[in-house]
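Letters A, B and C mark the chains in the order given here, with residues in each chain numbered from 1 onward.
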Amino acid sequence: MSALNTDIWTLNMGPQHPSTHGVIRFLLKTDGEIIEDADPDIGFLHRGLEKIAELLPYAGFMPYTDRLDYLAAVNMNWGWALSVERLADIEVPLRAEYLRVIAAELNRISSHQIAVGSLASDMGAFTPFVHAIRDREMINDLFESLCGSRLTFNYCRIGGVSHDAPEGWIERLSDYLDYYEPMVDVFNDLITNNKIFVERLKKVAPISAQKAISYGLVGPNLRGSGVKFDLRKDDPYGIYPELEFDVPVGLGYHEGELGSCFDKYMVRIEEIRESIKIIRQCIERIPEGEIVAKVPRNLKPPEGEIYCRTEAPRGEVGFYVVSNGSPKPERVKIRTGSFAAMSTIRDLARGWMIADLVAIIGGFDVIAPELDR
Amino acid sequence: MQATVDRLIAQLPILQEVPVWAVYLVWMIVVGAVLLATVSLIAGITSWVERRIAGRMQSRIGPNRVGPNGFFQWIADGLKCLFKEDITPDNADWSLFRVAPYLVFVGMFGAWAVLPYSARIFAADLNVGILYVMAITSLVVIGILMGGWASGNKWSLFGAIRSSAQIVSYEVPAGLAITTAVVMSGSLSMQGIVKSQAGPMGILGWNVFNNPFATIAFFIYFIAAVAEGNRTPFDLPEAESELVSGYNTEYSGMRFVFFLFAEWANLFLIGAVTTTLFLGGWQGPFANPDTWWGVMIGGGWFFLKSCVFVFILIWLRWTLPRLRVDQLMGMCWRYLVPIAFVCLLGTLLWMSILGQRAFFGVIKMAAGVGI
Amino acid sequence: MSYFGDIVEAVVSIAKGMGVTIRTMVRPPETVQYPDIDVLDPKMAGYSANLKPVSERFRGILTVNTDSCVVDNLCARACPVNCIQIEGLKGPKTKAKNLLPGGKDLPKTRYPVRFDIHIGRCLYCGLCVEACNTGAIYFTREFRGQTQDYGNLVRHFVSESEAERIKKLAEEEAERAAREKAEKEAKKAASEEKKDTGGDRPEGEDQ
């Protein structure tokens, strides 16, 4: 009797797909449900941001950094502002630093809300996503009162921030945090501790700490593997050295594997709690003062180069800026966390099922604009 | 049905001029049409209810523009789908592609013929009623497989293969749980099962209260029926986030509506069969089958109990994530099937030792004997 | 034994999740029925206290007060996408009212004859609003800019008649400037002639 033969199936998880977060394409070769090879095809959202930066003055590039990762716009703004400030030796007033931290941590909460909500919706539970969005709407309202926009904030300026907190905003922020902190527990009741959800994620694609470091993973992806590395503590900027907060790491929650998708998901949930802590400290300590330093309209930083990194919700965002003394930068290179995460998926997905591939992409919180810039 | 037609012929002399087989034929067509209308109405209204409840569970309103509280949304959707272009993909095997929705629909619709809506209201009372239900709902597997294969789309094929594995596996614990109920009721006919659940207050005689093993069998049957109906948490075949609607991806217009129709009407069917087997069908307080108003009230109880199950199914769908294929099969073969066997054996032992007495009968007996 | 533990854990966690869903179901929904509710009205009715109308700082569609515009092109240069096109002509010297709070009025010599903003290209970033010294360009709270004709996306803030009026003003100003210049040159030539011919000494010089 001749041996049974199975063929390898080639499938296209196309650029339009309900659960690749953005336009990403995978060429899958599967043996039934088990993946043999998942070849990522990126670049569908490439807009040439790095080249555009060479045509604009330093202050004019700020709205483009919003679109770099539109769910975490303030963190991207801050990265760019920080790199130009370090290059041109501009000092930022203290109230502006506090406002930056408040806005950045609020944006971190909102970005993580979408990340955990969309992972839940990829797993088939549609309600937690809508609940997360409902709670995020209030953050959007807060930002709308603060700087006028709900998604692409353009909040930081070189030397400070653009708008001061209006009358009563700090009280509204405080009320929101009081409302939202117990809702994290409600969300955990709904989906995080749900046995089906945990079983779907707790053993999928574990990454050991060494492997995570060697792949260059950053942010919650790295911390999910147990590596306690957070730029806000290890390479601090702004007023982070004065604030007290923990860095959550993955622990193999619910007797899963260390570094699995569930660990990364739990790191995000815990980071939401830490961000709430940070914002509360900032609200207590925020001083009065200026919100932006005096920067010449035609800013010409001295010649030189700098690589400046900040902790965005999706990992480390690095801006490498080369200046040649003119008002426009010579070269800007942006390094984002999703790119490294994407590059690991091919190795990682081998041997898992297609349903797990969806879990892996969602666990890494890959987002297309950050991937393709 | 034969009795009804004979009585009708006896009472209306003009019908005696016509050959008997013609009267039967016309009667069957009339009953079929009434059932089809009922099923369509129930499917449409269930879709409206599902969308409204799903909306409220997500802190939003459901459809509320078309008609009062969006009540005519399903009519609008149905009409829209009627006017849509009928696309058959090039790669599709066109004869199978066209037949698949009908098979799925017939598989679901055929079971409605034996449901005991009330003591006197039913289409047919087969003496192998529940076996017929199990058999006819298996046609759905063939329909889904056809739909997935004939679409010429690898993702649809995925969904179809997963679905066939799932439905065929979950027939086993469903069958075992049904056997438990049949053993307790002593009859395979649906009306017989319901009649055997008569008891004090109309409630205590229900099969689910008969013995603790029957309660577990009820839950097993319910879970297995949810899996058969392709509902979350078992909706892998149409997993939206992975397969963009699985086996019905390539369908558009009225063909697509048939699939959805079958799914929504199936909700009510799951509720109806579960209440018949375990929750006493039309039995309930004041549902005395001898009086005409008792029959009406019985019909009301049947409908109410089925609606409770519809609500629970909607509630489950919008709360839970879905199981992966291997976890789904693992749950069936490692959890449901052994427990179903244990329930069956337990029920048989209980009935042989303690007779056909329900739980409360046993308590009364023990109280009488012990104290 | 973890077999039964698994079952119990599953049932408990699912029951908790279902509890959250049912509690959400009985609360009032958070939907804002948009076209029926005027989201620009400060007293907007909403289902929950967290809903507010569109805030005052909202970056809606831009608008320009051409009376306050001094055509210094600061906004056009600050714009990262070059969606502002301005052309100005020199006119009579007046003051431009400063719309910013606590700002002084600025001298105005140039008048805009063309001020186009392409609201489809605009990023709504606010760099132009920050750059303007007089507050002539500012955000409205309007967000409904949809139109069926792509050309309508370019908003013209100087109407045809206004442009004509300014062109006339510019011509008059040019004539006036030319006349003044001619008079000045004539005066200068006359005084130089007087100097050459050693004309009258200025009074009170050698006493």
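The rule we apply is simple: a contact is a pair of C-beta atoms (placed from the backbone, for glycine too) under 8 Å apart; a residue touches a chain by one contact, two chains touch by 3 or more.
Note that the structure is predicted; figures quoted are calculated from it, not measured.
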item	value
Chain whose Cα mean lies nearest the overall Cα mean	A
More contacts between chains, A-B or B-C	A-B
Euclidean distance of C-alpha centroids - subunit A vs subunit C, Å	32
Rounded Å distance, subunit B centre to subunit C centre (Cα mean)	63
Distance from the mean Cα position of subunit B to that of subunit A, given in whole angstrom	46
Subunit A: positions in contact with at least two other chains	127, 131, 134, 190-191, 194, 196
Interface hub residues of subunit B, defined as touching at least two other chains	57-60, 318-320
Contacts with 2+ other chains: residues of subunit C	14, 17, 20-21, 24, 30
Complex contact set, residues of subunit B against subunit C	53, 55-61, 315-316, 318-320, 335
Contact footprint of subunit C on subunit A as seen in their complex	56, 59-64, 66, 127, 131, 134, 137-138, 141, 144-149, 152, 154, 162-163, 166, 186, 189-191, 193-196, 198, 297
Touching residues (chain side subunit A, partner subunit B) in the complex	9, 11, 17-19, 33, 120-127, 130-131, 134, 190-191, 194, 196-197, 199-200, 353-356, 358
Complex contact set, residues of subunit B against subunit A	54, 57-60, 154-155, 158, 232-233, 235-236, 239-242, 244, 318-327
Subunit A-touching residues of subunit C, taken from the complex the two chains share	6, 9-10, 13-14, 16-17, 19-21, 24, 30, 50-52, 54-59, 78-80, 123-127, 130-131, 139
